[in-house]
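What follows is a set of structures for review.
Shared chain: chain A. Partners: chain B in the first complex, chain C in the second.
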Partner chain A sequence: MSASLQKGLNAFREVMDAPIASFFSSCVHCGMCADACLFYTETGDPKYTPIHKLEPLRRVWQQEYTLTGRLGRMLGLSQPVSDDELAAWSELVYDSCTLCGRCSMVCPVGNDITYMVRKMREGMSAAGHAPEGIIGATKRTIELGSPMGVKLQALQAQIRGQEAETGLTIPVDVQGADYMALLSSMEIINFPEYLGALARIFHQAGVSWTLSSEAFEATNSGIQIGASDIAREIVARIVTAAEKLQVKNVISPECGHAFTALRWEGPNLIGRPYKFNVIHILELLDELRSSGRLKTSGKEDAALTFHDPCQIVRRGGVVQQPRVLLGAVASDFREMPDHGVMNWCCGGGGGVSANERAEHLRLTSFKRKKSQLDELGVQTMVTACANCRIVLEEGLEHYNMNVKVVGLTELVAEHLVEQESAK
Partner chain B sequence: MSDMDLLLWARGPGLGMAVAIFLFGMTLRLFEIYSLGRKRDLSTPRSNSPGSGWRTIYARSLPHADTWRRSALTIIAGFVFHIGLFIVLLFLLPHIELIRALTGLSWPALPTPLIDLVTVITLISLIVILVHRLMDPVKRFLSGFGDYLVWTVTFLPLLTGYMAYHHLLLDYTLLLALHILSAELLLVVFPFTKLTHTFTLFIARWYNGDIAARKGVAS
Partner chain C sequence: MADETLLDILKRRGISRRSFLQFCAATTSLLALPPSMAAVVAESLGKVRRPAVIWLSFQECTGCTESLTRAHSPSIESLIFDAISLDYHHTLQAASGHAAEEAREQSMKADWGNYLLIVDGSIPLKDGGVYSTIAGISNLQMLEEAAAGAAAIVAVGTCAAFGGLPHARPNPTGAVAVSDIIKDKPIINVPGCPPVPAVMVGVLAHYLTFGSLPDLDALGRPRAFYGESIHDRCYRRPFYDQGKFAKTFDDAGARDGWCLFELGCKGPTTHNACATTKWNGGTSWPVQSGHGCIGCSEPDFWDAGGFYKALSTPVDSVTGAATAALAVGAAAGVAIGIANRQRKARARAEHQTVTIADLEK
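Showing the complex of A and B:
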């Protein structure tokens, strides 16, 4: 598809709705969203004020969806949005926004700014102003089936490795299983122990599960770049595979944006509800724990904290489950100063970590997480998103910080009560 | 035109026109918002309580702890100015008389010296807000003509009202006429500036709360 200004503006018109009109009508330029955004707090540059990132979209709304704006444009009092303007906004919309949603929690008039940035990206990508890094990831997803170019053979190799590690069989393409598990590319490449952890937990809890050889990856760069047609194709693969295997539930991997894509955007992208439920792995683990199917023993003694992945917690509603799970396996769990739905982003969500152009800004904004950690003084940080994990590890290394990052699912698996009879 | 003629015009045809423009404009603005509609969300909500939007409407009035720390001046000056403005607008005896003449509704007034004190506090908070807007890098960066216009049309009715009550500088009749005219100016620009937030913030907060609640988050 060739990109053009016209296509971009049409996409802006396409996404314009009553919530957006009410948000733009309500902004009083108080600037409080800037104080909620780590890209502003860590740089002090006012251009990173969240509401300012939407200026071209606001101008289209004002000029085309309000009487005074239309009059003003007819009288030549305002200039239409230009291609140069969109090009200038690319950095603001993609590099300096992780869609973390913190500004949407703070805005005193109630503007869901993140909702608008997500929608604005539809127009930006249609106009050809998405960054190269995310375009590349998206292209690989379409051509190879994975943003990082992970193929089935790579997964199969990791399956064999984890089967050897755990002594358990990892089921693939099992018809009629209760649960179909998905992975993120990061997990397949960097953290295959997640797969082993699933195998051990599900073995102990007696969960009927499977992977699909046709759709094993949930990462959706289509929603990050803002291309609904591509996002739809990626979700549709999962839906087709799950409905073919007739599974009752699909488990979202820890990865936050995968969860948002699958759980909240997916049915809207394909235009119908699913024939299965989507459950986040942490929700499932907590369910298994509370029903007594998942038993843990022993606790970590070291002081540790939890980094809330934005899309799972603030934008996903899985807030208490990680805390309950951590309580079961750690004796000294400490919350960061701002935690839960008010946590600060790792700085790499929403496609930022795939966007090389944004690297310097991302590492600068990591100072927010750094000061949260410095204040707390713990040396272990648990999280539940493979992308957060990579971004956190890079940031910690950049600032020479002695903090270890651990995946929550793996941590739970380490504390499973081993059942001899099950072997 | 004498001062009295001006006052009579302001109290009669002027007021009628200003109220008409205000009502037409706000109806239009609300129509412009709601006529856009929104797509039905096909994802399965965690909670579909219609109360969630309403909850955010009032809950959003109180900032989180971290927001207090980072935006203290904006929050405090904002609270003082808004509360002061509403007290003066709704509890000064002549204002209640006007509302009763227009709508038939009335309620007890607050003592005028108290309103006078609140007016001074509100005027000071507005000056603080203006200076903050001019000095703070983010606010200055975001501000344009509309922001300063809105500040001016909000400040003038308070200032002229205060001057009229204390018979400052100008003749009382003229000051009263100017006070009414400044309030009419506020009504006329209201629907076409960010003053619309007075009404639309309830819509915005409702959508925000509704969108978050579907995902199981109280925003």
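Showing the complex of A and C:
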């Protein structure tokens, strides 16, 4: 119970770096980021203009890191950032930003606004202005091991269920395996078929893999809330387990921010390179497919589309793989308008789905996805992020839309060539 | 002879009325006047009775006179010059010495207030103007005397219009343009080194036809000829738009006629009519012959960086003041950088590890 404005402002000073200084000084106030933001386009409220969400951080930069700003502050021309301001900005930084990165794509001067929102959350969380919902998820992750409170016993139950379903053994704690798979708690609770799909695919492809009983949770609430100390602790669990099992690769599951946390932020958080590679499940599936180890037969006849998870496609660079994989298993794959790196967020990433007070705003912003789907008129939407999936399902239900959401890995698993020899 | 009209003179010199009308139509279009004005131009020009013109040459190279008068075949342009009463032009007139100066003084007296004064060359002001004198009279004095009785002044060539080569750094003679000295007379600048003959004639034709100055731009140049840049009218412009540039004068791009921007062409910043009227009776013009525009119709073109440096390269080396400013700026930048680093290091030192207990107040 020790969060304070003092700590928050100190964190702002701490995160200030060359990119942030150059981004703030380069901003030309064109407002193009507004039109790229789901929360602005669906509400029309100018307070949701992405760069505006950073105003307190910008003021700290200007007042403490620029010559004119310092002079201005000394002469009493500008007031320091207050706790009330941070409280007012909490909604803008947490509820109306999914860290989707679309604003960073359109900025004409190349400002990575998303990068700055992530950094700003460091100060917001230290000042005690993180939303209750995300604080709860973070506490559960530290205390219980997962943001949804999923414990090992729950996973073990799901493993038994999927083993019965597939007739295959799901390996746990295998020393020296090539791949260590991770799961998001959403998958463990809501979509255990992902685990079964992994077992079937790896069985056919002859991949040596394992789960770890010590680190199976891939998500990282520390990244979402913006507390690097906590994020470090969470990512270190995975690193310790993977290096203990001496696996060559760790597979990031169908979860967006888990990929960002593990693939991009992790080594910076722990301050050293990993002793293993991080690969996204879609990258691995495409590799297996192109090397001929993964064979599929038959195709889905129904028209379907693909929802690009922001952290995997736009921020993660896994753009072509899902399309190649879909091409192999679907005969009528239709791209959404703005597909690929410019696709619109589901509205629930970056911790928004764990933030109850943001629910109304999240459902309002879902209108964008709804209009994209209405335009295509398809009945099936494939995606590759469990969080997107749950947010999409909630949105579809809210708007009474008859669209089914499917995980891409499961879809691939359904079309595996049955091999006699493998049985 | 004095009552002969321009058309009579031209007829006597073997120019048909048809050719004259063609010339008038061409001049009219060059001046960007409506086609219906061609008849007015023809009528007025045809009736003109040898307007008195005094041509003063100061610090110049005679290139402007060459350009206007020494066409390979006698053109209407050159005949127009023959037709006007060129009472004083020390390159062209037969008289010399005292006789020449007397002719100038007589003409000035006879047509006081009505003659057209054409000037080529710049005027030296340093050391009392001793660097250029004619018949012992300094250029400055001669200009001031002649200008007093002129109806209008045409500054022909870049030297007269903007100071030109004599004005180039370090400008040892203190050379200035006509417009730097004469403030109370209408002045038309017809810059170029030398100017395009058709432009010169067009300006005269306009003056003779309408008795007024053509529409001028901010530098006193007739908009009809100097309104657009060489670049905007250049036939190589499509290559510029496609990003196709010759890199050397003998590469494949140069042979294929690509844009000469990177070889120093000053077309984008130069206003003149070369690209449309061309030179030597429409034969060619510098860019067509494979060399970039050197910007000769612009002020200070001689000091505007190398002819072979692309426009995007800086003109001047860094001066002392700029170096000092740069040093102060760099020092300030380093100081602010150090201060900022310290601030950040302090913030780091004050960092208290955030645990889940620290997320709430």
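The rule we apply is simple: the second predicted complex is superposed on the first by the 422 of 423 C-alpha atoms of A that agree within 3 Å, B and C clash if a C-alpha of one lies under 4 Å from a C-alpha of the other, contacts with A are read in each partner's own complex, and residues count from 1 in each chain.
The rule is short, and it goes like this: a contact is a pair of C-beta atoms (placed from the backbone, for glycine too) under 8 Å apart; a residue touches a chain by one contact, two chains touch by 3 or more.
Predicted model, so just to flag it, every value in this text is computed and none were measured.
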item	value
Clash-or-fit label for the pair chain B, chain C on chain A	clash
First (chain B), second (chain C), both or neither touched by A:A3	second
Broader residue contact with chain A after superposition on the shared chain, chain B or chain C	B
Which of chain B and chain C A:Y65 touches, first, second, both or neither	both
First, second, both or neither for A:C30, with chain B first and chain C second	first
Stretch in clash, chain B with chain C, out of 99-107, 117-125 or 135-143	99-107
Common ground on chain A, meaning residues reached by chain C in one complex and by chain B in the other	16, 65-67
In the complex, chain C residues that touch chain A	332, 336, 340, 343-344, 346-348, 350-361
Partner chain B, residues of chain A touching it in the complex	16-23, 25-32, 34-36, 40-41, 44, 46-47, 49, 51-52, 65-68, 104-112, 115, 263-268, 271-273, 277, 314-319, 337-338, 341-342
Interface residues, chain B side, partner chain A - complex	28-29, 32-39, 41-44, 46, 56-57, 60-61, 63-64, 66-67, 70-71, 74-75, 78, 136-143, 147, 192, 194, 196-197, 200-201, 203-209, 211-212, 214-219
Residues of chain A defined as touching chain C within the complex	1-4, 7, 10-11, 13-14, 16, 64-67, 125-126, 128, 130, 135, 138-139, 142-143, 225, 227-230
